[in-house]
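Shared chain: chain A. Partners: chain B in the first complex, chain C in the second.
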Partner chain A sequence: MCADQTILANREGLRSGNLSPMQQVRAAGGRAPDPHVTGGWLSMQEYADGEEVDFAIVGTGAGGGTLAAELAEAGFSVVAFDAGPYFRPLEDFASDETAQSQLFWTDKRIVDGDNPLKMGSNNSGKAVGGSTVHYAMVALRQRPESFASRTKQGFGADWPISWQEMWRYYTKAEDALKISGPIRYPWGPKRPRYPYRPHDLNAAALMLAKGAEALGIDWTETPLATVSAPRGKSPPCVYRGFCRVGCSTNAKQSALVTFIPRAIRAGAEVRDLAMVGRIEVNKDGRATGLHYHRAGQWRFQRARNVIVAGYAIESPRLLLNSATDRHPDGLANSSGLVGKYLMTQSNQAVFGVMDDEVRWNKGPPSLAITEHWNYDDRKDFFGGYIHMSQGPLPVEWSSVLTGSKGLWGDALLGELDKYNHQVGLKMVGEMMPQERNQVTLADEVDQYGLRVARITYSWCDNDKAMIKHALDFMQQQAEAAGVKEIFRQKNDTNHLAGTIRMGADRRTSVVNADCRSWDIPNLFVCDGSVFPTTGGVNPSLTIQALALRTADRIKELSRRGEL
Partner chain B sequence: MPDRQPDPVEEGRFPGYDVLRKRSSMSWNDRTREVVDRRLAVERGPRTLSADAFRCLEAVCAQIVPQNQGPSFAPLAAYVDEGLTLGLGPGYRNAELPEAPEAWAKALAALDATAQREHDAVFAALDDAQQKSLLQRMQKGELSGPEWTDVPPKLFFSQHVLTDIVAAWAAHPSAWSRIGFGGPASPRGYVRMGFGMRDSWEAAEAHPGQEAKAARENRRVR
Partner chain C sequence: MSFQPLPARPERTLRLLDSLFRRNKPAADPARIALDRLGRSFERARATAIVAARPGLPDALRHQPLVSPRKGVDAARALNRASGLLAFSVLTDSALEHYRGAFRNKAMFTPLATSALTVAASLHGTTDQRESAHLFRDVTYALAAVTGLVGTAFHVFNVGSRVGGFRWVNFFYRAPVGAPMAILISGLFGVASERLRREGPGGRPTVFGLGAGRTLATITAGSMAGTVGEAWLLHFRGNFQNPAMYIPVTIPPASGALLMDAAIRGGEKRRTAARASLWATVATGIAGTFFHAYGVQRMMGGWRNWKQNLLDGPPVPTPPAFTGVALAGLAALDLLEGDDA
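This part shows the complex of A and B:
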């Protein structure tokens, strides 16, 4: 074991010496944990390594988890692998920021570029259910024009799918997750009613509303993937506010409590603590299965089709690490674009204090939103952004104060003492797809002996212009709401996309509209890495809508004998 | 049982508030009790850093987060060292810095070497003003010399000194009590969400002239 064993991420598990789900495989022996029941199990079908399953899926997050359920329910044999543990939130999740770093992908990665990305808690999860286990549940639709940025807005690249089709799948995804949202959404084409009523606003959200009304722009309750009324075994949200480190009550509609149990009930096998290291391709150029590491051993699962769903760092890393003599630049890479056009989203914020007590830690962190600048085109940069109210917990908040203001000593403590009066507005902004922002392989290896990702990121002038616009506007809005002592968090980014972009032309994209590799016909990609542009909203509902579409396309291709 | 008895601070914004009084309430589930108990029982001595480095680190921690000695003292150096021992990290590394254990060892040695050169004493033996000034120069990247070649001081200060030490403090119940944070909240969350609204299991803020009232309410927080 090397010093970097980041299985060690579970500080608390190690302290206790107990075998935690971080260290011991749970989905085995014909059963998998039931995330809804303390100590509970679901019976699970299992497949032998030598059995050629219809689909081997790498990753069980927003993309992979959704697809696993859909394909299993369509009668295909499915094995889904995840490098992370299989949690039962009710018994495994502490109400504690530090202990819950167990949810994040903290394996070794190297960052560089002019604006190196923060990874870990900021950007990716490692668990059955993927990053949806710790995401903030904001469930938004991209604006119609975002699917045709090149032809409608003059930048980036068009998606090979029409907005009308994507919006039909959004409706399905919203229903599958029982999104709680406003009765009337103020922006864009008419959309159906959200399945569940909106959540109550906390004071942090009321500040956004107050500022928006003072400036004469629209605002609304944020559509969220946490239920506002009971749903099956999920109780309604209790406004505890620890969402970004995992929901211990299961109100959050993560893939772990929605699609994963559906997949298992429909006959899929989920393998936890199973790290896929390489996809095998035969001389005919078809994938034959994958090599994975589980319980101390490398094994090989045969499969008719392979689906890569490890998100925008791990998916390209896997394709690059699967290079062979015939595919020296990595799999599916005849375009040379695997790993290129990495995008994050600008996540800058303004923070300040109010005279009244706010207690922004209560409730989900982003209860109110305005999409005003996604739909208003009077601006001097490409793309759009939203902004939302905020509620960071103490560890995260102190890192904002040290990161943005460089505070320490009494100055730091004096600022932290204002915690209960603090408010903030934070953007989620569209960054431009740039070829130079990319994932490549470093020479260093991780605990499995696999070469690690080097993540290179630099902002362009358009990114900077949007950030400036958003910071100025959010400051104006906060001031209009009576916020004082305002300061700017200028360096934050969040969410990933790109690196295996989809498109209509095999020379300029890696996968087609069905998320199928142009080069290897039985290899699909189903996660945020296929985005040609990232839009001005949080990505996961789009990933889930796309996964639902990909499932329909795969079923159709199978019916036609074209798989 | 909690490792220590509640130790309410009688001054400050939240007089009499101790988040640990909520330990047996509906706001703490078993898993939370387990991890916080273990945090409070952290081993105090160094396991990865040398004794010299650890002494230096303790002095740095006292500057970054000034604390009173007493039952609520959070042993921040021990948490940083524990993180290095367990190989914990944020999951990425700036290409210009070595791995965390090596970076910390080198930076603390460099701080001592600089202190020796300039003041003829190790960092921990300097007076308050000298320590502050060295740390300020480190933060601005104004320290130089061969001992700093592998650990660019400015980058190390932002990526490790501020990050690791402050995160350890903000994860400690003493910090939660001081800033009036409700602390763990599962399965019981919150009900009253609007401006100026407080659930009875949250800290009460002392408004001028009302300190005694706040202290009374805080002693009832469970």
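This part shows the complex of A and C:
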């Protein structure tokens, strides 16, 4: 550790009575950091390893964090594990993109296939609160037909839950996060008014709006999980623009500042820097607890039920790594589908420059959106996509210029000079679920001695057709808004889904509509990995809606004695 | 309501202002001023005598107003106060908000100038006991009203000119369409006050040739509705996140309605109800200032970061606009007294 880092670590240690959250556990000794108060603590109930808790939850992000709060508030004993650190946003988050890579899951993984995924910044987080600590807060509902893609749209698979039910839980999730959204949403069935009013548009968003009006399509302010007015101890957003590398004001309604404090206040224990390596199953085929690595040693927590919420790479990896003689292909894998049907979302973009100064980094990155191509079915491919205005920070932008545009040296510097005039439109597109896209185990092991994930990904023709359509359309829209020097970023992808799909038939799915394993009745999986199809919108709100539904179902099953 | 005359000293400086506007003959007439003074001295002497003799006086005399019962002038001065308070609110608010907008358009200086003049005119009027309009004040108030109208047009244009036009997000974050109305109202109250200073036929004060009480009540109720509309829009934008944000969209409209009720149907009970609700609105304006100061504290960094949060937080200077409008309403009520008979 160099001198500067030592000083920083010491200063922080003095402030919060703790060393760097990356090295030392913070949620211990009967207390956990209060993310809303500098140096503040929440008193936290703790459970002994030998005590059989009602629920052991793996992961504290959109799925796990939500369930921890809901189940603890329902009176269950809950311990939630996260491999990542317990950050204090007010103290730990620097206005420095490089330093903030601490939020990403950058552990070793192997990628292959025709279109290998780039893992890290925009698809996996490692922190209490999960990826919601660094996500762009875009909170969208999937189109009703997306929950029955097979029967209504002719591709993929149907969800085992009706869209009406999912939309009811979307309403609850939106309220739990006080989503700031438009007064009238232009697409789809009528939805209740968003709990908070929309944010103002920055110049980058106005470009999208101008282009949309020129082409005669609808646009609106993006529904976002960052408050536009005070909420409790969250001040309204001040438009710093550092959302994707950690919000240091707590305006962002991440799981870290919403569900986690709720969970702890309701009696849940959260264990930071606790990597779960293996779920134990007894000879009756029931889970009995889990092995986790914390503070330098492997431990075993007993539990009546286990919920896996580690997202589309780590969740299947955990199930596969938990293989035993009785379950040689991994847990809950009688269908053989654990790890299969991995999906990402296409994240291609067009970028260019405006004559006027734009300063696109000001404010949340995507303040304006159009869902036109999710709802307009006059297209020659399956699925749909949204596109939104953009505002990458300088380091991220330079990585686009080097990685996607291939610039280096003087050419790169010259292009970076245009930063304050830069604008962009970026898609989030639905990729097809393909069995060949999958997560398997590699022979190599990580720092915990666990076999790492091998992630195989190839685009299909439909994916390529959609990307081409989106790039053409976005370019047309940008040009209509007066954007010059247009460059098409053709290679980016982001959010993940699939790998532990839910369904109505145990032969073609891993979990049922309650996110409960068909094989192991006290094992649940609740995160993006259960999505049978990924839809053309950012997945976080759908995961949270699903977690709220799963919590209700668990309460119901418990009442009926069927847990 | 009747107001005690202020001590003579500030008047001397204000009379300097008078001398700049000599065309207003009656006001500048030294004999008239001397008479005024004499009259006021007499009033004071009478008041002192009454107070001294108070225990022995019959009830009817004791409750007589202590100052000259020239209702028109008293009401006019009350309106000067209302107008001045509104103008002060506009002065501070437009200074903050237009500074925030970097005075991008030179016209953005206009409300600062006219509201400052209006504050001066109102201070002048408040201390002026004379039964005549004053050219400086009259012109200033008219200018304020025009500024309000033109400003509203500017703000409406600002909302509509951004992509998306008249959609909610532009009403929320572009120039607030209701804000220039405050200086329009301030000007209207001022112009009305100048008219009031002349007794109408039969000794009943009039404004624009109509019964002063009802006319003023109507202007006040209209102003209240506009001010409430502005508060509603911005509190809706703030999602009524604090229940106190409902106060300015409940109490003031109720007081406006009660005032209209008292003006149209008359009766002591209705006037009492209106008076109580208007005082509640006066209090709403004052409390609002403190609530907004608390709102600034709830922004990131609170008052420690005042340079940013005074601009981005809830506007501290705006709530007294309610107090100003309510004061005008109270003056209207005074004029309505005895209308039933």
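Criterion: the second predicted complex is superposed on the first by the 544 of 563 C-alpha atoms of A that agree within 3 Å, B and C clash if a C-alpha of one lies under 4 Å from a C-alpha of the other, contacts with A are read in each partner's own complex, and residues count from 1 in each chain.
Please note the rule applied: a residue touches a chain if its C-beta (ideal position, glycine included) is under 8 Å from a C-beta of that chain, and two chains touch if they have at least 3 such contacts.
What you see is a predicted model, and the numbers here were worked out from it, not measured in a lab.
Novice: On the A-aligned overlay, A:119 touches which partner chain: chain B = first, chain C = second, or both, or neither?
Specialist: first
Novice: Considering only the touch criterion stated at the top, classify A:238 as touching first (chain B), second (chain C), both, or neither.
Specialist: A:238 sits against chain B and chain C alike.
Novice: Does the superposition put A:182 against chain B (first), chain C (second), both, or neither?
Specialist: Only chain C; A:182 stays clear of chain B.
Novice: Touching A:230, do we find chain B (first), chain C (second), both, or neither?
Specialist: The second partner, chain C, only.
Novice: Which holds for A:249: it touches chain B only (first), chain C only (second), both, or neither?
Specialist: both
Novice: On chain A, which partner's contacts cover more residues, chain B's or chain C's?
Specialist: B
Novice: Between chain B and chain C, whom does A:200 touch in the aligned arrangement: first, second, both, or neither?
Specialist: both
Novice: Is A:417 touching the first partner chain B, the second partner chain C, both, or neither of them?
Specialist: A:417 sits against chain B, while chain C stays out of touch.
Novice: For A:28, select first, second, both or neither according to whether it touches chain B, chain C, the two together, or no partner.
Specialist: Neither chain B nor chain C is touched by A:28.
Novice: Once the structures are superposed on A, label A:486 by its partner contacts, choosing first (chain B), second (chain C), both or neither.
Specialist: Neither chain B nor chain C is touched by A:486.
Novice: Where on chain A do the contacts from chain B and from chain C line up?
Specialist: Chain A residues touching both partners: 200-201, 206, 238, 249.
Novice: Give the list of chain B residues in touch with chain A in this complex.
Specialist: The touching residues are 12-13, 27-32, 34-36, 38-39, 63-66, 82-83, 86-95, 99, 101, 132, 135, 139, 158, 161-163, 166-167, 169-171, 175-176, 178-191, 193-198, 202-203, 205.
Novice: Using the touch rule from the top, collect the residues of chain C that touch chain A in their complex.
Specialist: Going by the criterion above, the answer is residues 162-164, 168-169, 172-173, 236-239, 241-242, 295, 298-300, 308, 312.
Novice: Hey, which residues of chain A end up touching chain B in the complex?
Specialist: Residues 3-6, 8-9, 11-12, 14-16, 91-99, 101, 104-112, 116-121, 124, 200-203, 206, 237-242, 248-249, 354, 356-359, 361-363, 393-395, 397-399, 402-403, 406, 408-410, 412-413, 416-417, 419-420, 454-455 of chain A touch chain B in their complex.
Novice: What does chain A use to touch chain C in their complex?
Specialist: It is residues 182-184, 195-198, 200-201, 206, 209-210, 213, 221, 228-231, 235-236, 238, 249, 251 of chain A that touch chain C.
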